[in-house]
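What follows is a group of structures, each given as structure tokens.
Shared between the two complexes below is chain A, which has chain B as its partner in the first and chain C in the second.
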Partner chain A sequence: MTKDEVQGATEEEQAQSKKGLKKQQKEAEKAAKKAEKQSKLAADQQGSEEDDFAKDRYGVPPMVQSQQKLDRVLVRVEDLSPEKADQLIWLRARVHTSRAKGKQCFLVLRQQQFNVQALVAVGDRASKQMVKFAANITKESIVDVEASVRKVEQKIESCTQQDVELHIERIFVISQSEARLPLQLEDAVRPDGEGEEEGRATVNQDTKLDNRVIDLRTTTSQAIFRLQSGVCKLFRDTLTNKGFVEIQTPKIISAASEGGANVFTVSYFKTSAYLAQSPQLYKQMCICADFDKVFCVGPVFRAEDSNTHRHLTEFVGLDIEMAFSYHYHEVIDSITDTMVQIFKGLRDNFQTEILTVNKQYPSEPFKFLEPTLRLEYTEALAMLHQAGVEMGDEEDLSTPNEKLLGRLVKEKYDTDFYVLDKYPLAVRPFYTMPDPNNAKYSNSYDMFMRGEEILSGAQRVHDAQLLTERAMHHQIDLEKIKSYIDSFRYGAPPHGGGGIGLERVCMLYLGLHNIRQTSMFPRDPKRLTP
Partner chain B sequence: MALRELSSLEKYLGLKKPNKYSTQGDKKVPVLQNNNGPPLVGLGTIASHLVKVAKRPNLLGDSAESRAVVQQWLEYRVTKLDGCTKEDTKAILKDLNLYLQDKVYMAGNQFTLADTFMYFGIHPIIVDLSVQEKEQYVNVARWFDHIQRCPGVRHHLPPLAVLRNRIYTSKHH
Partner chain C sequence: MSMYQVNPVCGSLLKPDLPTCMYTLPNIHGQQGNSCTSDLCSEHALQNGEVDPAVKALEARQDEILRKLYDLKAAVDGLAKTVTTPDADLDLTVSSSLSSQSPSSTTFTGVTNLDTLLGKDLGALRDIVINANPAQPPLTLMVLHSVLCQRYRVLSTVHVHSSVSNVPPQLLSCLGPRHADSYARQMFQLGVTLIWKDVPKLQMKFSVQNMCPIEGEANVARFLFKLLSPYPSDAALATLVDSWVDMAFFQLAEGSAKERAAVLRALNSALGRSPWLAGQEFSLADMACYCCVLQSGPASSTPSNVQRWLKSCENLGHFSPAKPFLQ
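Take a look at the complex of A and B:
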């Protein structure tokens, strides 16, 4: 090698050794860190093994496969009050949140609409490991807790049970939840305005509907569906007390009842059949079969490709039909009285639920008059003309006009619920009885809540002859409705009725803005699951 | 459009002989050919002239300040209001609403040409407003209703309904 090369080589060697030195240094550092970590872990483990005197007061017990019958009373969260102070109780609830703070862990335990604060603190009953375990329980896990109820001096604003808190002695996880939830319950309950203002997340409707099981756990959803159950119960009870009989009508039918366009077809062995758009025909046949006053609660299927805030393809219909003596207003009075009883029942027995919903969706309380306000169609037209709306005498009300009319009626009469009587004949179905005094109008009526239609009803044509004429006038194929017309040939009493949508009534009573909020698993043109 | 307004104005002023107007340009600016002088061009100019002919100078404002304001609104009418787009409408209504908060008439304390021509100009916008929007721009609606009821002003335009009471609360549905 030449001198230069030698020099180059030594330089290389020097460079290498410099690099080598650096490398060695790095490795040494790494090794030192690793050793530190390992020793720390070892220390922790040692620490966790040492002195866990509370080992049997927490943990994950084996899955409940009905191994034993425990004679244990579980207290409901909603019953926790200062009266139970210093009692030792068991309860089963979900972990809503858990927050560790040094030697303490704060949990919020939730049961349906109610929640309560609970505390695990290092002391003679709980060890450090137990506190750590409590802090690591995943949200939404179901836990069994034995705790003593303690009164608090300062009200706990963030919980429904504000006067007490639980001091946990034993805590077991009965069903663990996965760590990552598809949506956070706190976000799902947050009012929209608050979300925007404070920059916190809210959950949009599609996410909520896709993960309906979790969304239904929120306090708001629990309240809405309890109220809906209340509506059904009040409907049944009120009508039964009035002497109505509940009937069940078939949903698979051979001919479309309201009109061919909006009906679902199903394959029926070798032919096809339809899903009922309403129990109309069968209600009437029951009247002709002498049941006098009937009602039915069941699903209604409308294949309308409407993607609006108030249309579903499947909803629950509450339908009424009754024979009357001389005037169809007897029917209107009966229906409005039923509605008023429902409103009163909700107002008197479901205040908790209404307030819970209002926390997320504020709205004005629902107002109604007794006796119910009844306006004639011509009066309504006059009110709309005065407000500057151009409308023909025999025209049907469009949705914006209905809403405007609702506002005008609210302003003038201070009611959210009213009946509009004597609609023009031209816009009603063929089985509507025409007005005896004015051929342009009919004995039909609609009922509105907060300016949106909830019921469409009328006196029905009970004479086979007139019915045939009206059907021909509407250019309906008589063959398809032969059995319907036949049912009136053998003595039929004058009768009328109407049908309301359960989801719509709940939505409008609570002042909500989308019908999917009041349908547990909604169906619309774009949604078939869950 | 402008020609009809001018003929309505003539009727209001009680001028016996209707003048013949022609228009010039794409914007159809009205022109009044005078026998003894140069032609008068422009809505505001012609209107002021007619008012002087009819010996009703108070319609142009009774003080120097209100006269200036009247001219300002006539300018506004011709430049901003005629041929404004949909987006501008909202801004215009908002400005007017703020301006009319504490005023009965556009200029001063009496009816002037500014009211007439602003009324003519804003009529097509108000026609398209819904009840809720009219409630939103409550001052404009109040002034509009007042002017359209003044005798002799309306003429060729249909009356528009303005409700007396508020039917939309703050939490609108």
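Take a look at the complex of A and C:
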């Protein structure tokens, strides 16, 4: 080694040793900190083991595998009221939020649309460790809670149960939720305008639909689907009281019913079949089979590549068909009366749900007339003409014209629901009965809610001869509808009917703007899951 | 001595002036003025243009007869009116048979044109919408409606709005039974749609684009009345009718007891001077005042002239639609 090299080496050595020293120092500090932490933890643990007198009053019990049958009665959150003050009750609910504040922990426990404030406080019933445990329970976990109900002086504005709060004595986690939720429920319920104003988050529709299980837990969703259930029930009850019979029609069919353009094809053993676009054919066959008045509730499949706010590929159809004596207005009267009974039932029994939905999606209350307003197509043309829209006599109404007409009718008659009668024959399907006095028109009608069409109906052609003529006029292959025409060859009563979409009726009744909000697991051209 | 005589073939030949003139014919042109007058008196103008005095006499007689006829007709009209004026002492059965022969044609004269009042006929039903509160049924409008039905083909419908939950059945049938042809709206000249709704003031809507809504029973009554017969052309008389209508709705129906008493006194003195409130003819003033007088309370303390006038109003038979609501 040369002198320089030696010097360099010693310098390096010195440098190394400096570095080494620093390293050693750091390691020492780290070790010291670690030791400190460990001793602290040990001290804590010791302390917690020492002081935890409430050890058996909280925790995560083993998974409920039906180990034992407890006779415990769980109270529902919606029943918590000052009447139950000072009672000791058990209830099961989700943890909506939990917030620790020193020696107390505030929880909001939620059960469907209802929530209540709950409190774990360090005292003779609860220990510090229990409070800590409660504060660490993840949101959306399901808990069993034993608590005493206490009246409060000041109303708790943020909860549905405003006059009481729970003082928790025991709390067990029945089902724990993962810590990171794909969406926060408060964000999902926040009205869009508020979100923008205050800079808080709202959840966009696709995220909500991808995580539907969580989104359906929100108060708004609960209210919407309870109301939808009410619509179905009122539909069934009203029609049953009018003497209608509920039928079930097949959904796998051999020929496309309404023309063939928008059907789903399924493979059917060695051939293929179609998914029914509507129960039309089978409803009519039931009338020819002497059931007189029938209705059916079932899925309807439309393979329309429409990505709009009001189209789904699969929806629930509520369909009515009835034989009448002399005039198809008997059918219109029956259908409109059913709709009015549904609206009245919703107005009188579902106000809570309507108000809950309005909190997130404000809208005007739904107005209607009894008996339902019926206008003729010529009157509609006259009204549109006065408003500056030029339309031909035999032209169909376009969607913007329908909306404008809805606004004009609302202004003049103050109703959100009306019937438009006597449509031009040229724009209706081949099985629509033409008007007896004027060949341009037909015995058909549409019904509108808030300016959007919800039902299309008509008197059907019940004569095989005329039906064949009309089909040929529309250039339909007679072979494909042979069985349909055959059903009218052995005596068929005059009949008519129509069908509504459950999701669309709910959407329009509540004044919502997208049909996916009223469909639990919606199907559209771009969505197949969940 | 003549050989044989033959009757002249063309008669009324004028004597020719022989030997200078072979034959003469009557002057077919005659006097210009006379040939332009009525066909009834065909003028046989003589060659010198004078009118045959016999024809003149005939014409004069015809004119006289026609004049007498017109006088008679006017006299009969006058008599017909006296049968339905307050001085008549008839019972209701007789007058109701008279009223079934469209009293509107005798009581409401004057030509009205639906097109000028309601706008061009666009080939669809012209529907008048009236929003009324079931707590205050508009009796004057119901009476006007029944008179309208006698004059035009009216499609009447009654609806209940969702803002109101319970409406007594008599309010649902207040516009009469459903018309047999009500399934074909186009066949009617006029539509009246009455909606029982929770509104503070009675409201009428017709053409949303061209007309603002009309508020208040008095104003709607004036509008509907104009569909029957125009307001009197004399400005003073028209104002008189208007002031009675306003007095009826604002002071009789809605006023305090003192105001009502004052109006009754005014009615009494006015009816002492003429059979109806606006002179010799039944008018909207009488209609409105009748409904409001009876609506505002029992007829115990009404003065004599007013009572007599009330009876003659009833004799007219228009007010039967309002009867069920006045008990």
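Following the convention adopted for this analysis, the second predicted complex is superposed on the first by the 493 of 530 C-alpha atoms of A that agree within 3 Å, B and C clash if a C-alpha of one lies under 4 Å from a C-alpha of the other, contacts with A are read in each partner's own complex, and residues count from 1 in each chain.
Basically, a contact is a pair of C-beta atoms (placed from the backbone, for glycine too) under 8 Å apart; a residue touches a chain by one contact, two chains touch by 3 or more.
It should be emphasised that the depicted structure is a prediction, and the values quoted were computed from it without experimental measurement.
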item	value
Which superposed partner A:G451 touches (first chain B, second chain C, both, neither)	first
Chain B versus chain C as contact partner of A:L404, first or second or both or neither	first
Partner chain(s) touched by A:S363 [first = chain B, second = chain C, both, neither]	first
Which superposed partner A:Q386 touches (first chain B, second chain C, both, neither)	both
First, second, both or neither for A:P371, with chain B first and chain C second	second
Greater residue coverage of chain A in the superposed arrangement, chain B or chain C	C
Partner chain in contact with A:V152 - chain B first, chain C second, else both or neither	neither
Chain A positions touched by chain B in one structure and by chain C in the second	385-387, 408, 411
Interface residues, chain A side, partner chain B - complex	362-364, 385-388, 400, 403-404, 407-408, 410-411, 450-451, 511, 513
Chain A-facing residues of chain C, complex	122-125, 127, 129, 131, 157, 159-163, 183, 185-186, 193, 195, 197, 205, 207-210
Chain C contact footprint on chain A (complex, rising order)	327, 329, 343-344, 347, 366-371, 373-376, 378-379, 381-383, 385-387, 408, 411-415
Chain B residues within the chain A interface of the complex	130-131, 160-163, 165-169, 171, 173
